[in-house]
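Before I ask anything, let me first share the structure, which is written out below as structure tokens.
Residue numbering begins at 1 within each chain, and the chains themselves are lettered A, B, C, D and E in the order written.
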Amino acid sequence: MFPVSFYQIAPVIALCASLLAVPLIAVSGRHPNLREFWTFAAAALKFAMVLSLTGWILAGNVITVDLINVLPDISIQLRVDSFGMVFALVSSFLWIAAALYTVGYMRGLAEHAQTRFFVCFALSLCATIGVAFSGNLLTMYLFYEMLSLSTYPLVAHHQDREGRGGARKYLTFLLGGSVGMVLPAMIILFSLSGNLDFADNIYGGIIPQGTGNLLVTILFVAFLFGFAKNGIMPMHAWLPGAMVAPTPVSALLHAVAVVKVGVFCTARVMLYIFGIDVMDELNLGVAAAYIVSFTIVTASIIALTKDNLKARLAYSTISQLSYIILGVALLTPSAVQGGLIHIVNHAFAKITLFFCAGAIYVASRKKNISEMSGLGRVMPFTFGAFALASLSMIGAPPVGGFITKWYLLVGALDAGQTAIILVLLASTMLNVAYFGPVTYKAFFGKPNDSISENPKIKEAPLIMLVPIVAAAIISVLLGIFPHIMMQFVRMVTT
Amino acid sequence: MTWDANLLWQFDMLILLMMVICAVAALSLKGLVSSAVVTGAYSFFTCLMWTHMMAVDVAFTEAAVGAAVSTVIIVATAQYINPWSKD
Amino acid sequence: MKPFARIILFLCAVMMLTATVDLPDWADPGSPASTHLSPGFIEQGYHETATPNVVTAVLADYRSYDTLFESVVVFAASLVVMLVLRRTSTGTSRIKHFRPKREGRDTILRGAAQSIIPVMQIFALYVLFHGHYSPGGGFQGGVIFGASFILLSLCYSLKFAMQRFKEKMVLICCACGALLYAGIGAVCLAMGWNFLGYAGLAGLLGVTDVMARSHGILAVEAGVGITVMAVMVSLYYDLASGGDMEEGL
Amino acid sequence: MDEFFFFIVAKYNYWASLILLFIGLYGMIAKNNLMKKIIGMVIFQTAILIFFVSIGVKWGASVPIIRFFPDKQPLLDATAYANPLPHVLILTAIVVGVAVLGVALAILQNIQRIHGTIEEDEILEDMRK
Amino acid sequence: MMDQTPVFIIAIPLFASLLLTLIGPLGPRVAYGLLIGALSLSLGASLATMVRVVQTGQAIHYYMGDWLPPMGIELVIDHLSAAVLVMIGVCALLSGIYSMHTAGQDNHDRLNNYYALFSLLVTGLLGMASAGDVFNLYVLLEISALASYGLLARGGGKAYFATFKYLVMGTIGACFYLLGVGYIYIMTGSLNMADLADILSRESLQESVSIRIGFTLIILGIWTKMALFPLHAWLPNAYSRAGTATACLIAPLMTKVSVYIMLRMMFTVFSADYIFNQIAWSSLVIYMASAAVVLGMITAFAQRDMRKMLTYIIVAEIGYMTGGAWLANTAGYTGAVYHILADGLMTLSLFMAVGAIIYRTGDTSANAMQGIFRRMPITAAVFLIGAASIVGIPPTCGFFSKWYLLQGAVQAGAWIFVAALLIAGLMAAIIFFRLLEAAFFGNLDDEGLSVGHSAPHSGTGAVQMREAPLTMLVPLAVAGAALLGLGIYTNEVVTYLIRWSVPAGF
């Protein structure tokens, strides 16, 4: 419905909306309201731009925009396709919700250095959209590195010993993975295939026929473990360490932006660089599936043992992320669709859970699950949303998570991988085991002495409740009307 | 005067021998002022060497610059620093 | 580290000594060096620059860019030594401790100096200005002139020599000699020829190109002479007195 | 025997310059006293100059100054004169050598003033204090 | 007038250095003005020359004294030397502007002589970059060496012994180079580079032992001047004890121009196939380069003094460039040349940033960086860009040079070099983020900030902003911007400048 030239500019505006907001936020440090206005304006503009692209992308065409041709044969290139749209829509929408929630959280706890916080927040969102819309591996690597650097100050926000220790571990893993494994793999790939642009469909990759199997496997392993943000087992240690950050950071970044970027990059490389045929022929898919299912199971078991609510949510994130890679690794169309739709479902569900954790902390200063028994009666809305989101995580029918589990199971059946089906069922049981008690104890458990006699504990402030409830409702709507997002995902696999 | 081998190569070898002796002496003498003076002698033999090789301009410069001035400044420095060297 | 260095040196020495076999025989007229460039200098040198002394011709005309930078090296040396050493005197300097006492044995030296130094300076000027026809030229003349001042300061005292050739003057001479040299190059540039192309002076001096080159060489040699003279004196002033210009060698 | 004799005569100049070169290099590297290093440097540079000038020597050649016949015609035969080019290079190299020597001696005097010694091991000890 | 620009590049700083000694009594401001004027004019001339070289597409030959090449000396400015000339001009001008405060402090009385040596060093470097004659290169090598001895010795105290060791090693290097030129001259009879190239390519000289010894001596001499790994002992002490302004001029330029000379000698005088077929050293050199990279970074990691750390990083960067040049393929060569430009700017911006921090805090150890982002935001930002560039984070130029080097190494199958480059990138990340963490957060944890935030307190603490003086800040900002600019314009630099100068043999 817009002229063609608009579609060339829209992705660039989407990318640079938060980049332009950065100087404005930095300048208006003195007066917080103006600063918050800039954040919201940028968030709204970004989401509007991404939304305006949906019509055009659904019509089936792909937009490529050349920003800077940096090297003689590669350039910083934006490419909007349905695969990228799914992720861009989710993260730009959730940025608005998170911005609202963060203002409440920051004002509630009167945090220090808020200007720096919002500047880095905007930068990391610009990087996320950059990764979603990247046209070739070099652009994706550039925005991947930008995201690592811009989220570093967020993780180390409290500037105390654990904050800086967590941030140091965060950076070591991410930079180590990207400079250590992704950079050489990218360069070897470039010297093999001459260009780094993603293929048009997910079947034929860009790796030339003649390359040796050993080299392709090495490249595959390097990319799989190089993108350390996807939290696959040996490279996951930074995620629990980064929980030391303020809750809005862990909410948006470690539920949506940072980890999803890792998974998105891995999926992008698996589908558009290697392609399903190559992975099938060298049964790389099966190998990846087993690695990832090991992550799913062990992460869920560790989550069981964690008493701290945020630590438990962190380990659940690690295992949920591996669902997405599992879906892609199974190579059958429905499994891939299941994996991709899980990006959306998990984003909305997990952000609700982290919002609730933040709200509980602001309202009652409680961090451990054992102290929260009976809190549900005092904070009904928070824990209601928590219950809905837990259902989505578990994969119960009315909520979004069920769609993922459904497509994954169908995909696993098509692929004939019985072992994977067992893993899926086992992990569902484990999900129930670590999410169930939290909600049950909150509503039906007897309130221990500190909650009953402390009248001051009441519902979280309204500005935090609105995003929590909205996110929970959307995750339910995703379960009831899945075709909204499924149409994008189906376009990927045709 | 032209350069022909039958007469002069013994003279040439003699100068080179003297140069090697002066060089070894300059490096092994303990007293720095004396080794400075021997370096001056070494430069004079180099100047002889140039004249013998028909490089007259070079000999002139070596005599003036190499032998005279550098010997003066080396001796000046040798007198400024500790006179005895350990090795 | 020391024995390790000795072994390597010995090995390199043996290796290079045996390799001299491949070098062309000594002093044979057919060697590459004697048949490629040098014949060109000798045959055309005289016709193009009218200077019999081919070395001065090559030094100041064919490769005058080299000699320009060589006089700049000498200028740089005096600048560095002055920057590194020059300081105001701090009372008891260490010189007195090591330097032999001078008890009044200067009368013979002074008598000889009075007669030698003027002759020496005239000879220096002769060497400088006869660089075309006889061995000698800018460097040699300059050094001998400088040596006369050093002789003066050796026989008399550093203070005595400094009254005649003040330190400020020395620095100005250093700079002016090199400036004269580079200035001539710039003049040739201004006259439309390339940098240091003395044929450009023909228009100025009203002589043929060849004679202009010859006069160009002479002017350049004068520039070099001034610089080298001033540098040798400045080196002596700084090094002999340890930088505080109190008491020379 | 005669042939071996000419072989020696033809090459001994190169051997002499190489021997001097390695004496100088040894002096610079292995000697502990800084003044001896400087003297080694002088010897090292002079050895290289010998190597250069021996390129310019020719049988039956005289000083590279053009000689004139009685009727003022210049004798322009290249084999009569030694090669002028190596001499030019050496003129430059000698003066550069003196310049570096001057700087080295100036720095040496300062080291003496500050550390009180010019033995390398004593200086390192003094620096560590 | 237009075709005289090559000589202006060198003549203007030369005249400036001669005049600077004469204008002593006019005061330091006039000296500073003359220096900056001369350097900017010379930069203008080299830019004009570069534009002309790029437009005409072939090298400019300028005959000194109107003598044709084999007889006289010529200046040869092709694409490679034009790029290096502009890099030298930019770095010299920026460090010239930067030097007002620190140089003024170091030598209050003889500032004009200091500036004379400053512009003499720049003249030597510019002359070397455009030299077309092998012996002329030696004389210019000596001039820049002599000027750098003088400038480094101005550091005082311990700097004298460090400069003495540098002088001894430098003289050994220069004399090896001279002896190498002697061996080549005795076998070929010519000194002009182009003339040498076609004589050496004759069949008879390909296998001759003396040419091989000549090449070995020249390369050994250049490696000593370049401080390649086994011969690098003199560099760290000499550069870290110099004055701030001196370090900012010498550190980015001296070693890079020596690398340029190595490339010039390897690919213009001795052809590429002579080096990679007759002299089959390339695998040995790549091991040396990898060792230089890894050990340079490890020793840099162990340093407490910031400037000592930066000097060891220079030693590692030299390993990058040498390895790239000896990979014997186009990508490696492009990486090496691009890294000369990138590393010049990186070292310049890092030394200037550290110099500004030392100028303000007076303490050279790593804890001078406490809370620098709040007190000196622009300096810290440039330090961050420099650090990102050395680690190799995309938008900066360090990433693209590492991109080409890695690509060349992969194509040449030099896996040791690939591993060394990656380890160096990670080590650099650790080194710099240890500093940046202190710079970013400072030692705020002693202000009792626990996670709980019981006591509310408003925005930034009471640390007042005390940025470096303006004459330091402007060059710093320009250097930081140049790092990003060079990164973004890699395509133009490679296609217009480097792609033309790739030697025939690859």
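The working rule: a contact is a pair of C-beta atoms (placed from the backbone, for glycine too) under 8 Å apart; a residue touches a chain by one contact, two chains touch by 3 or more.
Being a predicted model, the structure only gives us computed values, none of them experimental.
Common neighbours of subunit D and subunit E, listed by label, are C. Between C-E and A-E, more C-beta contact pairs are found at C-E. Taking the mean Cα position of each chain as its centre, B sits at the greatest distance from subunit A. Centroids of subunit B and subunit E (each the mean of its C-alpha atoms) stand 39 Å apart. Subunit A and subunit E have Cα centroids separated by 43 Å. Look at where the CA atoms of subunit C average out and do the same for subunit D: the two points lie 16 Å apart.
With centres defined as mean CA coordinates, subunit C is found 75 Å away from subunit A. Contacts with at least two other chains are made by residues 16, 21, 23, 27, 31, 33-34, 37-38, 41, 53, 55, 59, 63, 66, 70, 73, 76-77, 80, 84, 94, 135, 139, 235, 239, 242 of subunit C.
Contact with two or more other chains is made by residues 135, 139, 142, 146, 149-150, 153, 160, 185-186, 191 of subunit E. Counting only pairs that meet the touch rule, the chains in contact are A-E, B-C, B-D, C-D, C-E, D-E. Residue ranges of subunit C in contact with subunit D, taken from their complex: 2, 5-6, 9, 12-13, 16-17, 20-21, 23, 25-29, 31, 33-34, 37-39, 41-43, 45-46, 52-55, 57-59, 63, 66-67, 70, 73-74, 76-78, 80-81, 84-85, 94, 133-135, 139, 228, 235, 238-239, 242-243. Within the complex formed with subunit A, the residues of subunit E that make contact are 331, 388, 391-395, 400, 402-403, 406-407, 410-411, 418, 422, 425-426, 429-430, 433, 437, 440-441, 444-445, 449-453, 456-460, 487-488, 490-491, 494-495, 499.
On the subunit D side of its complex with subunit E, the touching residues are 21, 25, 28, 34, 37, 41, 44-45, 48, 51-52, 55, 85-86, 89, 92-93, 96, 99-100, 103-104, 107-108, 110-111, 114-115, 123, 127. Within the complex formed with subunit D, the subunit B residues making contact are 1-5, 9, 12-13, 16, 19-20, 23-24, 26-27, 32, 35-36, 39, 42-43, 46, 49-50, 53-58, 61-62, 65-66, 69-70, 73-74, 76-78, 80-82, 85-87. Within the complex formed with subunit C, the subunit E residues making contact are 4, 7, 11, 14-15, 17-19, 21-22, 24, 62-67, 70-73, 107, 110, 113-114, 116-117, 120, 123, 127, 133, 135-136, 139-140, 142-143, 146-147, 149-150, 153-154, 160, 185-191, 199, 208-210, 213.
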